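Given below, in the form of structure tokens, are the structures.
Across the two complexes that follow, subunit A remains constant while its partner is subunit B and subsequently subunit C.
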Partner chain A sequence: MATVEQAPAAAPFIRQDGKDKVTGLGRYTADLSLTGMLYAKFRYADHTHARILRIDTARARQLPGVFAVITHADVPDVRYGAFVQDRTLFAKDVVRFEGELVAAVAALTPEIAAAAVELIEIDYEPLPAVADVEAALAEGATLVHEGWADYSAADEVVRDGNDCSRSTIVKGDIESGLASADVVVKERYVADMSHAVPIEPHAVVAQWNGDKVTVWSSTQVPFMARAGVATTLEMSEADVRIVVPLLGGGFGGKCEFHFEAQVAALARAARRPVRLVFSRREEFVAPDHRREGQVIELETGVMNDGTLVARRGRLVLDNGAYGADAPFFPQLAAMMAVGPYRVPHVSVDASLAYTNTAPSGSVRAPSAPQSCWAVEQHMDSIAGRLGIDPVELRRRNIVKPGDEGSTRQVYDAIGAAETLEKAAELIGYGRELPDDEAIGVACGFWPSFSMPSGAFVKIHGDGSGTIVTGAQECGTGAVMALPLLAAEVLCMRPEQFTIVYQDTDAGPWDAGASGSQTTFNNGRAVIQAAHDIREQLLDLAAEELEASRDDLELGDGMVRVKGSPTKSVEISALAETAAGDKLLLGRGSGSPPPVPDVDASGCTGRLGMESWVGPTFITHAVRCKVDRETGVVRVLEVAAAHDSGRVLNRIGADGQVEGGVVMGIGMALSEGIQLSDDGRQLNPYLLDYKLATASDAPPITVHWVEVPDPGAGPNGAKGVAEPPCVPTPGAIANAIAKVTGARVHRLPMTPTRVWEAMQS
Partner chain B sequence: MRYDATLNVNGDSYSVEIEPHRSLLSVLRGELGLAGSKEGCDDSECGACMVLVDGQPVNSCSYLALQTQGREIVTVEGLTGASGELHRLQHAFLAEGGVQCGFCTPGMLISAKALLDSNPHPSEDEVRLALSGNLCRCTGYQGIVRAVMSVAAGSP
Partner chain C sequence: MTATYTSAERVDDALAALAAGARPVAGGTDLVVGARHGKAPLPESLVAIHDVAELRGITGSDGGLRLAAMVSHAEIVGHPDVRARYPALADASAIVGSHATRHVGTIGGNLMNASPAMETGGPLICFGAEAVLRSVRGERRVAVADLLVGPGSTSAEPDELLVAVLLPVQPRGAGSCYLRLEYRRHMEIAVVGVTCAVTLAAGGGVEQARIAITALAPTIRRVPEAEQALAGGGADAVSVAAVAVAAAAQPISDVRATADYRRAMAQVIARRAITAALARARGEHVPIPASPALHGAT
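On to the complex of A and B.
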């Protein structure tokens, strides 16, 4: 059989979309302008919970320059939702959060559109608002969805009133486990909600051609957007084309189906193309996807030597007003509540409470940074109680190959322990520090996501190639790196390939820029499509060289006879032959890696997270300085050691860690949604909701523990993009506690909260 | 009421008729068709709209277009040479992994140019301070700081 010998030497990797991005010539959705285009503006709810008694759009329609005003009455009466079909495109009868859409206007100018939405008359009957998760689950609480029981939902979702999705993880016998422990430590933590905050706000442009609509959208998941438009506007998916121009970041905030259907419906009603661009305030209150708040109660039984024996957990996650993709978060959070440790007795109960706040949804490693922040502080509390060094406590309990997780998944090739040792070594754990500085350590884990995906590879008559993929580039460079994979299989150069991407009419289905899945799944598809081409090249070369196919090999842009270097043919020559006959067209998909066996028989609310394909492991060690007078914390240095299996694109992977760590610093110290009692966000601007700046960001050392996982993605690769923000807040919390002697039980750990913790 | 105005952008002169409340950003992106400068917040918080006015970096979302008459404006489009060759900063941002989604990049490049024009050999802390008015959510700023430092190191 033919084999691949040498791939061309790796050149510095310059992303193909890079030149457009540095010259300012690249176009994002908000940069698009079409002939006759109108401007969209939404009318949002005036209450966070109220019954709609009357909507009158007559005055808005009469305003000169207004071409369309639409409400629920103007679109199909369809309920949708990934797990629970609990919402409609525009509010029907009841509004449930401040960013809920009641109506939309299309007008000649943004100013006219803004004036018109104010002319829409709406009468409400206010209802009691539920803004707190514990209150939402209390006996007799106001129901956010009175008709919840009539909604259709996925069979596995366990629901009851305001609990949109409950999940439990059960292993061993928690009561006897706790009873057998030398010491039991019990704590409670509360994490505020936070936001994805891509620097590009949402934008959508829609244009109809007959019965077909093209929607340009700043979405991370174009195929889900397509399905959403088709479902809610009752169209065929083939009649909906989603195109994503350059995408200005997402971090989950642009996952799922958002505003494509409303803008398409406006464009149809106005019979003109329509563009929607969010303001920064809208990006905070109406994006339908924020990181959920959590209440985390942990009780752990441990032996005097540090061996963990039992973990009980109760978590309540804030769902907001609609389920979106959050119903699988309780199961994820329940898995996170145990951490990457051997614990024989486990009982975790996690709920997802409806409240009258913005809907939660996938934001970079949903549920994980918050729950990890609590679990890793809890680990340090346990270490303190036992008088064991925190790193030593983790060393004694962290999972190793052959160990089993809380659903009895047996870990195969993993490097969790190596990440712990490496991070501690890189930061110089144990060294002498000034008395206002300390090093905190936290370990975390996170699954990879096994999904279908597809790609085509075409080789043209001149020997250049094009990859046609359904994958979505959100900035990570994952799609930009696909030529590296195709080139490796075909012994060509990456720059010989162009990429056609983020157009649902061109590429095969893909789950989009979500779940760290692009390289993991679309990488597999591209490699398989390239192998399809490779087989075709070997057939052509066998004929050309009059050699047996089995004697051929690819190398240096040629197919040649093994051992006879003079008998060879350039791939470009084969491509020229093919261009006049049977074309070189490769297709790839490949079945997603199967999920590992588990025993989750005692668990409820099983939505697929009981079994983790390609689990990734992370340890972050941070050195922090705390001002005891003010509670201000500065992160001075971060060492990040990651096991993401084999790393396929180092510059891209490093960029994910650097960005994820700084996002984690923001979550740890400043990023939190402040709410009024009735669930309105009090800080929907970037001055009040503060991201880390270049001055706040410390030097970050990245280390990859490369343990290829045969059960994972291409060449043993696992997910890369989400894990980097998981343990950072917990590591910072542990450093703060070391300096101050006080634990901060609320996230974000603002100066006020740090100072207050020191006083108590 | 509209006023006639002449804007000098990237060495080109544009005659426009604009209302006094119009921001420089809206005129650049609208009448002038220079969409490289981005709107991320319309509130001087994110820096994606940053341009140079007489060499000083300003948030063009909060700068009145009429106030720039008689001044020299440089946008990200003006960094590229006449024959399309990349500015050293543009090249370094790509080589050092300073570009991911690219939405903050135009403003970052402008802030970086303003810094190096006034201080060709900044310390890393000075670079971080100079860029702290530009938010980036992708890179953690590491690749961007590396890029600016590498250009500074190569400066005479």
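On to the complex of A and C.
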């Protein structure tokens, strides 16, 4: 397989929202101020698990300046949830985590609202709290949801008590596979839960106009938010409009539906617009969405020459108190537990355990960085046992075109092996280093997500254009880069296009800034809409130039007759003509690429992750320095080689890798939720929930292995946003183990844990 | 919530406000951030002192230095006399918070916040610095070591304003270093910190040693056993002193580290701080701040 070395020339392209964001002109949800607006404050649960015996809001209501106090009794009694309908807008009878909403207040000032929530009287009967995932699945464990069996749920979800979703991946015969191996290596790893930590905390503003509500929200998924409001408040989606002002990051933490309905209900009760803005502490304890912790047990049979024969895995993911969008994570984690390697005999069992902690949900590549961290350390352990170089072990097992994955998906054109070779080459693998430094390598993979999406393209009378899209810009630049795609089709310049986006009343449906899907799906829609315009331009030009349509071509902002450059008409002239008659309006959605058929018989809890469209492959190689006395690790250099198909916007794609690597460094070394025995977060603030800072970011070299994949997205592109998060922690772990001779079995690998590993 | 906010132009205005019950605010990096985090509500009455010119500037004083209360960490780090004669203080101010914190945060605020994890306390104690406290009742000087009486607590009266910190003259042959264990490169708080200030005799032996621990006890304090071990010790004096530092520590287990790890790190960081202070005393170059260089950063 030849790889395309040359990257498409990065056009000097300045994203349209860049200047506003950099200069402070940009308006975010928290900046909105409406006439008569009130301030919202939530009353959170006082226990992590308790039965509510009585709620009395009378004193809060009587506080001057309070306009509304609402609880579960004031909203429709609707259970909702993406896979399992296990929750309500406000706690009904039982609270299940510290950030659970019991009541909400709207008041004239934030201070009055804060005082009022304290006046709400709640009597509880405390229940035993389940904080540990393995304890949650043990025999006789306290049930987080006593009535779990009565909840409605998607048919494919396999549930049992505290196990919210169980998936298995089975191929070959695990027992005979392990029995036939020369060596069997067994290990156990534990990853702590972590957070998305966007710069902008959650903010929601709601305003009613008759029976219709407009909600401005810091959501990554406006159409899901619209559906959530409609479902829970028992309204028609047509009466709900979600608008997202500039979004200050999300990283998955603002996926799904959060708080839009509660604030809308408050605004309706108060008969005034209401604004909610989270504090940083609330963003930690109540965001309703964080990365799940995992317990990962791996057992691998391998031949003396390094050939992998069998992989058994047992994973327990922590779900937190509610299922949210997490029930498909076990299947995803089970895929991750095998990694991008050929393994004939596979048996992986993954569960999602309810606990009395904040609900987990999709945070940038959900389940993958944690399980990849374990699997890639396991690969290095195996290499150590066999006396084979870790890169060589991967080289002998990594999937190639035509190989079969753990669910018998046969890979088409992929560049996994090329990413391994390139990352090793770029970091200078094998070179001499000071004795406190080492290079660690990790491979990973991640699916693209094929979904419907839509866009309109308008060409105005002056020849400029507007893209009207349902896509959501969460900071990645994916929406900002859509003009590149339209301009390419129409031979115009990207800066000739404006973008209307983040308004559910304007753009067609889109799945939002999730699943690395914006370019993959909305890019396809915009390209098709631009082609629609192109056809209309050719029709108009054929008439104008009195030429056959087949003889025409687009170029340099005009339509011209092939071979006769003087016979041409400017697009702006055609647009002006059209403006007096039939307007230039293009629309597109395209067909989502089909998911490959696989024979995943024997696998259970199948929630769509057994077959991947446009799979991406990644290798990261990191050079680390470890202070052996303190356990402090510094990442000095990272080489990242990615197969994400064809790269459509090099600057944007490189930025995704750089950000993903830095996020991975934080996850690897310092970012972790610390819990009390009853499931409260002990470090809900930025001083002790330590993100990697800009100063911690090492030089990062990015290489794109551009393998044309016929099953991929527009122009051969695959997802770009999530993969960079996947292998960094594993690569860092392997570098640490090389320097110290000790494996760290707990994520994050804090200085204390690195030091403890060296002591034992 | 603050009901009254006044801005003083002269120290006397500020003292009058304090006498009437107001609390002072300068950079606000502890006070305002703490209030937002729910640590303590903002005081009922605040007097802003950022316009008081008298509270600014670093000047010479009896061969030593006088740091007015409003001197920022950035000014301290950039001052050639501090860097040359009190490098441990420059080490400390250079690693407080972030770039932004260091330009807004002041020595006065850092000291009067009295956190056991504050950076400048250890160096000031080891240099024998004094706090100048003034009120409508007059002015007095208190050794910094006596000012810090508990976590978040000083011996200053509520109506007293810290107007300056006095750094006494340092003898020839002096060298010092403040070192902090750092998990990441910026935005850190001390989990373990050690200051060492030494004076070498003409023959190269340690004539005088002062060693203080930060974030290892309820207040920042000196460790006499370690000082004696270093000043009177033989070839292994540095190691013995470092062991004494660890023995004197009263570490706790919390979200930042376990007690075992803290105690072990007290010894490591002490050894490195002492070694760096001795190197500076000998005229060898140790970068400011010392912490990143001695923590495996490149």
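One rule holds in what follows: the second predicted complex is superposed on the first by the 749 of 760 C-alpha atoms of A that agree within 3 Å, B and C clash if a C-alpha of one lies under 4 Å from a C-alpha of the other, contacts with A are read in each partner's own complex, and residues count from 1 in each chain.
Following the convention adopted for this analysis, a residue touches a chain if its C-beta (ideal position, glycine included) is under 8 Å from a C-beta of that chain, and two chains touch if they have at least 3 such contacts.
What you see is a predicted model; the values in this text were computed from it and never measured.
Enquirer: Tell me the contact category for A:695 with respect to subunit B and subunit C: first, second, both or neither.
Expert: Touch status of A:695: both partners.
Enquirer: Tell me the contact category for A:685 with respect to subunit B and subunit C: first, second, both or neither.
Expert: In the superposed model, A:685 contacts both subunit B and subunit C.
Enquirer: With the two complexes superposed on chain A, say which partner A:134 touches: subunit B (first), subunit C (second), both, or neither.
Expert: The answer is neither, since A:134 touches no partner chain.
Enquirer: Residues of subunit A touched: more by subunit B or subunit C?
Expert: Larger number of subunit A residues touched: B.
Enquirer: So in the superposed three-chain picture, is A:182 touching just subunit B, just subunit C, both, or none of them (first/second/both/neither)?
Expert: neither
Enquirer: For A:198, is the partner it touches subunit B (first), subunit C (second), both, or none of the two (neither)?
Expert: In the superposed model, A:198 contacts subunit B only, not subunit C.
Enquirer: Considering only the touch criterion stated at the top, classify A:550 as touching first (subunit B), second (subunit C), both, or neither.
Expert: In the superposition, A:550 touches no partner, neither subunit B nor subunit C.
Enquirer: Touching A:14 in the superposition: subunit B (first), subunit C (second), both, neither?
Expert: The answer is first: A:14 touches subunit B but not subunit C.
Enquirer: Just subunit B (first), just subunit C (second), both, or neither: which does A:77 touch?
Expert: neither
Enquirer: When the two structures are overlaid on chain A, which partner does A:279 contact: first (subunit B), second (subunit C), both, or neither?
Expert: both
Enquirer: Let me check the overlay on chain A: which residues of subunit A are in contact with subunit B and also with subunit C?
Expert: In subunit A, positions 279-280, 685-687, 693-696 sit in both the subunit B and subunit C interfaces.
Enquirer: List the residues on subunit A that touch subunit B in their complex, please.
Expert: Touch residues, subunit A against subunit B: 12, 14-15, 17-28, 30-31, 197-201, 246-251, 277, 279-280, 474-477, 651-652, 654-655, 657-663, 685-687, 691, 693-697, 699-700.
Enquirer: Subunit A touches which residues of subunit B in the complex?
Expert: Subunit B reaches subunit A through residues 29, 34-43, 45-46, 48, 75-77, 79-80, 86, 90-91, 93-95, 97, 99-106, 109, 127-129, 131-145.
Enquirer: Over in the complex, which subunit A residues touch subunit C? Could you list them?
Expert: 111, 279-281, 436, 625-627, 629-630, 632-634, 636, 669-670, 674, 682-683, 685-688, 690, 692-696, 750-752, 755-756
Enquirer: Can you check the complex and tell me which residues of subunit C touch subunit A?
Expert: Going by the criterion above, the answer is residues 1, 36-38, 98, 181-187, 189, 255-258, 261, 264-265, 268-269, 295-298.
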